[in-house]
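One chain, chain A, appears in both complexes that follow, with chain B as partner in the first and chain C in the second.
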Partner chain A sequence: MDFLPDVFNISQAVGQWLLVLLVGLVSILFITFVSALIGGGVKGASRYGDSLVESLSDLVSVSSTRCYALAKLTFTEAIRRKALFVFVIFAILFMFAGWFISDSNQRPKEAVKVHVTFILNSLSWLTMIVMLLLSCIGIPEDIRLRSIHTVVTKPARRFEIVLSRMLGYIGVGTLLLGVMSVTSLIWIYRQVPEAARSELTARQPIWGDISFLDRVGTLTNAGINVGDIWDFRSYIEGATKGRAIWRFENVTPEMLTTVTSESGEKKEALRLESRFEAFRSHKGNMNRGLNFQYIILNPDNKLEVPAATLQVAEFIGRTDGIPRKLAGVTAEDSGKIYDLFDDLVAKDGSLTVAVACTDPGQYLGMAKPDLFIRLPDAPFALSFFKAMLGIWLFMVLTVALGVTASTFVKGPFAIMVTFTFIMVGNTAREFMDKLLSNKWTGGGLFESAYRILTYMNDTTELPNNPGTQLIKWVDWMLNGFLWLVQQILPNFSYFNMAGYVANGFDVDNMRSLVPAIVVTIGYLIPCVLIGYYCLRSRELEAK
Partner chain B sequence: MSTDVATSTAAFGSSTQFSAGEPVISIRNLSKDYRDFWGRPKVKALKSLTMEVRKGEVFGLLGPNGSGKTTTMKLLLGLLFPTEGEISILGRPATDVSKNERIGYLPEESYLYRFLNAEETLDFYGRLFRLPANVRKQRTEELLELVKVSHARKRQLKEYSKGMTRRIGLAQALINDPELILLDEPTSGLDPLGNRDMKDLIIKLKEQGKTIVMCSHLLADVQDVCDRIAILYGGELKVMGRVDELVKEQDATQIRSSKLSDAAAAEVREVLRKHGATDVQIDQPTSSLEDLFLRTVQESKERPGRRISV
Partner chain C sequence: MNQSESRFRKLVYLGFIVLLLIPIVVLGMPGGGKFSTPGVLSSMRSEFELGESDIGKIDPTSAAMNMVLLGFRGIAVNSLWASVEHYKNTKNWAQMKSTSDAIIRLQPHFISVWRFTSWNLAFNVSAEWDSVKDRFHWVKEGAKFLQNGIDINAKNPDLAWEEGRIIGFKIGMSDESRYFRKYFKSDPDVEQFKGGPDPKINEQALDNYLVARDWYIKANDRELNQRQRILDRTLFRSYPARSYFDYAAALQKDGVFGEQTRVAWDDAYRDWTTKYGREIFRVPEIPEAEMWMEMSEDDISGQVKTGDEERRLRKAVDDYQKIVNYRYWRDRARCERDPQMADAHREIYEAQVAYGEQRLTEAKALVESGMKNFGDMLKKYPDLLAVDDLLLEDALTAVLMWQYILKLSGDTPTDDYPLKVIWDSQQGRLPDVQARLDRWLLEQSRNPDKK
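The block that comes next holds the complex of A and B.
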């Protein structure tokens, strides 16, 4: 796998979320109170108190009966407005897609990748767009046609209206996704070439932490940079003391898998899957891949047992079983048999696997996700439906944002606002993070422009005068704004789980699924509140 | 809250001393400016309106187009927020949603969900009142009978004619068996039969002890069913009082009979003249509320800004 997000720290995220919510709430309350006081004096303040009490009572008197009725109304409306035409688009997409994306020359892994990525991405965007249109139009239309007048003059709370709109659209989205996911799973099974079916699986990886030894054997954070632009992998030199070392926590005999060896016999082994990259500094032997060696280390007693010498299978990767019983090879312990769990797993339960390259003068490139313990696989459908859950959560978030936007602006504007929000969050996030990381020299927008116009080098100090001071100050303000945007935008990358599924991995719960759920809930709550506040504080007249 | 209403009623206890019922609606110095996008006042739709409606009466809001009747109703329901002034409705402020449990509202035009059919519509509104399923079913049945659209109950409202939609609108206003019913032009779009039914219904509801506030242009209807009326002109209250007293002319006597022949009319005129009557007119009666209405509008135009004495 080419990516591996960090494990999500829930308690930290929730803490920060609470803080933001609290600060937002307090500042809104303060601003509205002050404006009520200025606008209406003491009377205004007391009226403000009344409306605060009313809002609170609205929040606590939510009735499931009314919410059900309103949600059902929303659902019926969407269905009877023929939202399900999407199915037709979807079907057309499917009929023709097969022609373009199937290619008999593809490697099996690639075939699976292409099909799965295509399906999941098109599903995700299609649903997003349909739900965006639906959810942004609902309330403004209700106001324009004034049908909302007959609802708000019943005991329906405006809070319930916002909430049920969201629930109703989520219902529609669920129906859409439910049908489409089953259809597409069947389509994938049928469409993926026979030979590639085995790649339709859900690997259950145990990830380790990586560190490196340089060519003389001292511990470093990263290996050698061979000049690759993409500095994802770092390299060790062959036939030196250079090594990449993975440490896996809590390794137990339950992790053994039954593997079938080349000779056809079945035995228990710890499966290691690797996908290393070779960098050749000279031609060497072109008929085989570079050789590498697995070495199992026990840091407690400095025991080192070489497990196997293998050839790198570039771009494809390989899965190998490390047998439970390993023979010693050095002068002192030759003939001795070590048990993987009794002798090699350290007292703290961790297993250390080192990788060395044995071809002199060649380099082996590795990154943290390039080696993992592969437990018995789960069915492909599991990871597929987890990814569908990710798309579902994305849909929920879209609906929440759309409905919220539609409570304060008209339909077309609501669509624009929400769409921009989602697009910026999806595409510009990385760039924004980079801009804000202060790693770049040359300053912000205006400073860079100034440097370009005056042919000034990145690293030269700006002359100190009021003009440059102003430029710096404006840049600082812009950066502040950018920071705010970065804080407010959801991290949409959690929702896209296609990478796992396409690479034949199970979706990682702690790295993707849980964060996606937490992020969705985290946005849902303030969205409902903001939507309620906006709907409540406006007259429901078409303007 | 309730003491508040009582004192305020005493404070501005208007010239009306007729109905003994307690006030269901009281409005004090209510003003409404419609504002444009930038918050600048665009239309002064209502100017310092003070009035009250008492329990059990049928109250008519009259006025030419654009005089602020609908605006008043929307303010009462919390659909609009007042620029100034106070509203108490069923003892609660207008923005309090819980008061809606006891209110039925028929909007000016039937703003219903056009993709639902009649049955679904009533069921939906019934649910908003959290009526249990059996009650909802029973009320739906009764109301569909009452407003005479049960033959079209399964058709979506977008296929309905204007009058039929109006009838469903009325049915939804009554789904919760409300104490206070606000009807914005209840007879608009109805055929003569429907018109008649509507009047009968209002009288029946009044007999059940409900309070009704209605706007209408059809003065004959108003005269038939309303106890008290208020006439608005340009957002200002011009006339308010009991219908029978407002239209009674103090210095005239009206004699009505079945249509007389010309000879008979001459004879009657002779008799009246003998008794010293001047200005004898014998013709077919006109709606006297219509006179009042037209006179009010005329006078308001000529002398703006004044309350008109009848």
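The block that comes next holds the complex of A and C.
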């Protein structure tokens, strides 16, 4: 797997979210109060207080019956608006998808990757577009047709209207996704070539932490950079003391799995799966891949036991069983048998595995997700439905954003606002992160333009004059605005779990699923509140 | 604005739409109907053979995608190109290939896209893999990808030439050529191809250079009707014959000697001198005359009327012969098809093998006989030495081998031996030749079955 997000720190995220919410709320209350005071004096302040009390009363006296009735109405309305026509597009997509993505030359892993990615991405975007259109035009259409009066004149509160709209559309989206996800799963099982079906699985990995030793055995943060444009992996040099060292925590005998050796013999072993990358500085022996060695280390007693010497299976990966009993090979411990758990697992329950490249002059590239303990696999359907849950959460967020936008602008503008929000969040986040963290040299918008026009290299210092000072100041201001945008935009990457499923991994709960749920809730609450206040302050007579 | 004004305005718009429709219908009316005559655009499309069916095989998927995208094809293609680059940089090969396929469905007649992507797969992606089998898989991917382009662009000569280059040059001349050439006839995916070749690129289990030759011939056939945009025409059309040379040289490199190799050189010679050498070119240096490579003095005189024309034609023949290295290949093939030269190569190669297996007496006899035959042939074709680095290196390898054998046997080299002149004059090349020979001997010792 070529990505592995960091574990999501829920308490920190919730704390930050509460702080932002509090600051936002206090700021809004303060500004609105001051406006009311300036506009209407003491009477204005009094009206403001009444209005505040009324709002709080709206929020606390939500009726589930009314919400249900309104949500049902929204659901029916969406169906009448031909929301289910999306099934036609979906059917067409499935009927002809094989033309585009099937390739008889594809290797099993590639076939699975292409099919699964196609399905999950298609479903994600298809649902997003349908729900975006529905959620953004609902309230504006009600206002335009004045049908909203029949609702607001009844004892339904505006908070309930916003909430119910969201719930109704979420109901429609759930129906659509429910049908499409089951159909998709069946389609994948049928469409993926028979030889590739064994790749439809959900690996249960135990990830470790990685560190490196350089060629003389000194601990470093990273290995060698071989000039690869993609800095995901760093490399160790062959036949030196260079090592990549993984430390797995809480390793217990329950993690042993039955593996079948090349001779067909079945035995209990700790399964390690690796995906290293080879880099040859000379041709070497082309008959075989580069060799690497697993060495099990016990830091408590400095014991080192070589476990196996194997060949790299680049871009494909290999699974190997480390037997429980390992033989010592050095002169001192020759003939001695070590037990993996009794002798090599440290007292704190951690297992340390070092990887060495044994070919002189050649290099092995490794990153944290390139080695893991593979527990027995879960069914593919499990990870598939987890990814569908991610798409569902994305749909919920789209609906929340769409309904909120539709409470303060008309339908087409609401669509544009929400679509831009989602597109920028999906496509420009990485760009913003790099720009704001100063990973990119060359400055911001105006400095880059200046450098382009004057053919100036991005590493050359700008001349010190008032013009360049102004450029830097304007860029600083723009970057400040960009920072604000970055803070407001949700991190949509949590919702896209296709990478796990396509690579045959179970979706990581703490790295993807929980963050997606937390982010959705984190945006849903302010969206409902903003939507409510916007609708409350909106002049419903204006079309 | 009242309602009648609005209606009137709409009617005026409708009138304009109908008015504009008339020239569109007149210009664009399709032909082939029972009563209608084709529109101007339709007639021109037929005349210049620009219709989909005229250009090549119609791909319904591609047509459907282009229709669905309306005018947004450019945006979609740009976005897909960005994705391809991203997938390539992050080594997501499966997605990269499928995205490349999507691009090509949107731009099926954009020749540069076919050329770029096939090169990308066969050369760049292939080189990223460590296993030679995997590398071969991606070379095949590039070749197969291009075959689609050749079908869809049935008149284009460039793509057929590119296919020849992948199958001839990439498979035959890369670092992994020893393995690639073997895999070309016996695919490493035994499960799928049962030890035979991948029929999509080598249906008849031929040598890669012979298959490349077929593609070059196809390119030449197409080139007669549509201009190629890759090389000077004299060079472009030389490739079928050049493939024969490459085939014969590769047989020698693989250690195949005797009649098969001699015949290959003989075929190459005849193809070069009687087919390619007789092919007529019109060159800008002397547009009023026909030129071919194998022109004799009489041929030149017969083509021109004045002395100036004769001088220009003679110069043109000389220049173009130099461009395609015509005389060198002709002499080389003439020399190599001689049984004595074939014996020389065989004996030197067998001496290397015998040396590797420590059969020193046999090795010595073989290398000395090989050196003698080699020396005799070089006396017969002295011009070759001036231009042929490979022959010089072969000669140096023979002497070096001889010295290795003598050293191991405890004998002292004599001062008087064949190829001495070359040995003395080419000392600068020795380190490279020695390194190559040592590596070859090392590989032989690792893989004794490779002889």
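Definition applied: the second predicted complex is superposed on the first by the 519 of 543 C-alpha atoms of A that agree within 3 Å, B and C clash if a C-alpha of one lies under 4 Å from a C-alpha of the other, contacts with A are read in each partner's own complex, and residues count from 1 in each chain.
Quick note on the criterion: a residue touches a chain if its C-beta (ideal position, glycine included) is under 8 Å from a C-beta of that chain, and two chains touch if they have at least 3 such contacts.
Everything quoted here is computed from the prediction, not taken from an experiment.
S.K.: So in the superposed three-chain picture, is A:Thr218 touching just chain B, just chain C, both, or none of them (first/second/both/neither)?
M.R.: Neither: A:Thr218 stays clear of chain B and chain C.
S.K.: Quick check on the superposed pair: does A:Asn438 touch chain B, chain C, both, or neither? Answer first, second, both or neither.
M.R.: Neither partner.
S.K.: Touch test for A:Lys113: chain B only (first), chain C only (second), both, or neither?
M.R.: The answer is second: A:Lys113 touches chain C but not chain B.
S.K.: Touch check for A:Ser263: first (chain B), second (chain C), both, or neither?
M.R.: neither
S.K.: Would you sort A:Arg80 into first (chain B), second (chain C), both or neither based on which partner it touches?
M.R.: First partner only, chain B.
S.K.: After the superposition on A, what does A:Gln487 contact: first (chain B), second (chain C), both or neither?
M.R.: Touch status of A:Gln487: no partner.
S.K.: Could you look at A:Asn464 and tell me whether it touches chain B, chain C, both or neither (first, second, both, neither)?
M.R.: After superposing on A, A:Asn464 lies clear of both chain B and chain C.
S.K.: Which residues of chain C touch chain A in the complex?
M.R.: Checking each residue of chain C against chain A gives 61, 64-65, 89-95, 97-98, 101-102, 105, 128-132, 134, 137, 140-141, 144, 175-176, 179, 200, 446-447.
S.K.: Can you tell me which positions in chain A touch chain B when the two form their complex?
M.R.: 50-51, 54, 57-58, 61, 63, 65-66, 68-70, 72-73, 76-77, 80-81, 145-158, 539-541, 543
S.K.: Within the complex, which stretch of chain A touches chain C?
M.R.: Against chain C, the touching part of chain A is residues 2, 96, 99-101, 103, 105-107, 109-111, 113-114, 117-118, 229-230, 232, 277-278, 280, 283, 285-287, 289-290, 312-316.
S.K.: What residues of chain B sit close enough to touch chain A in their complex?
M.R.: Checking each residue of chain B against chain A gives 37, 77-81, 93, 95-98, 100-101, 103, 105, 107, 109, 111-113, 115-116, 120, 124-125, 127-130, 169, 172, 176.
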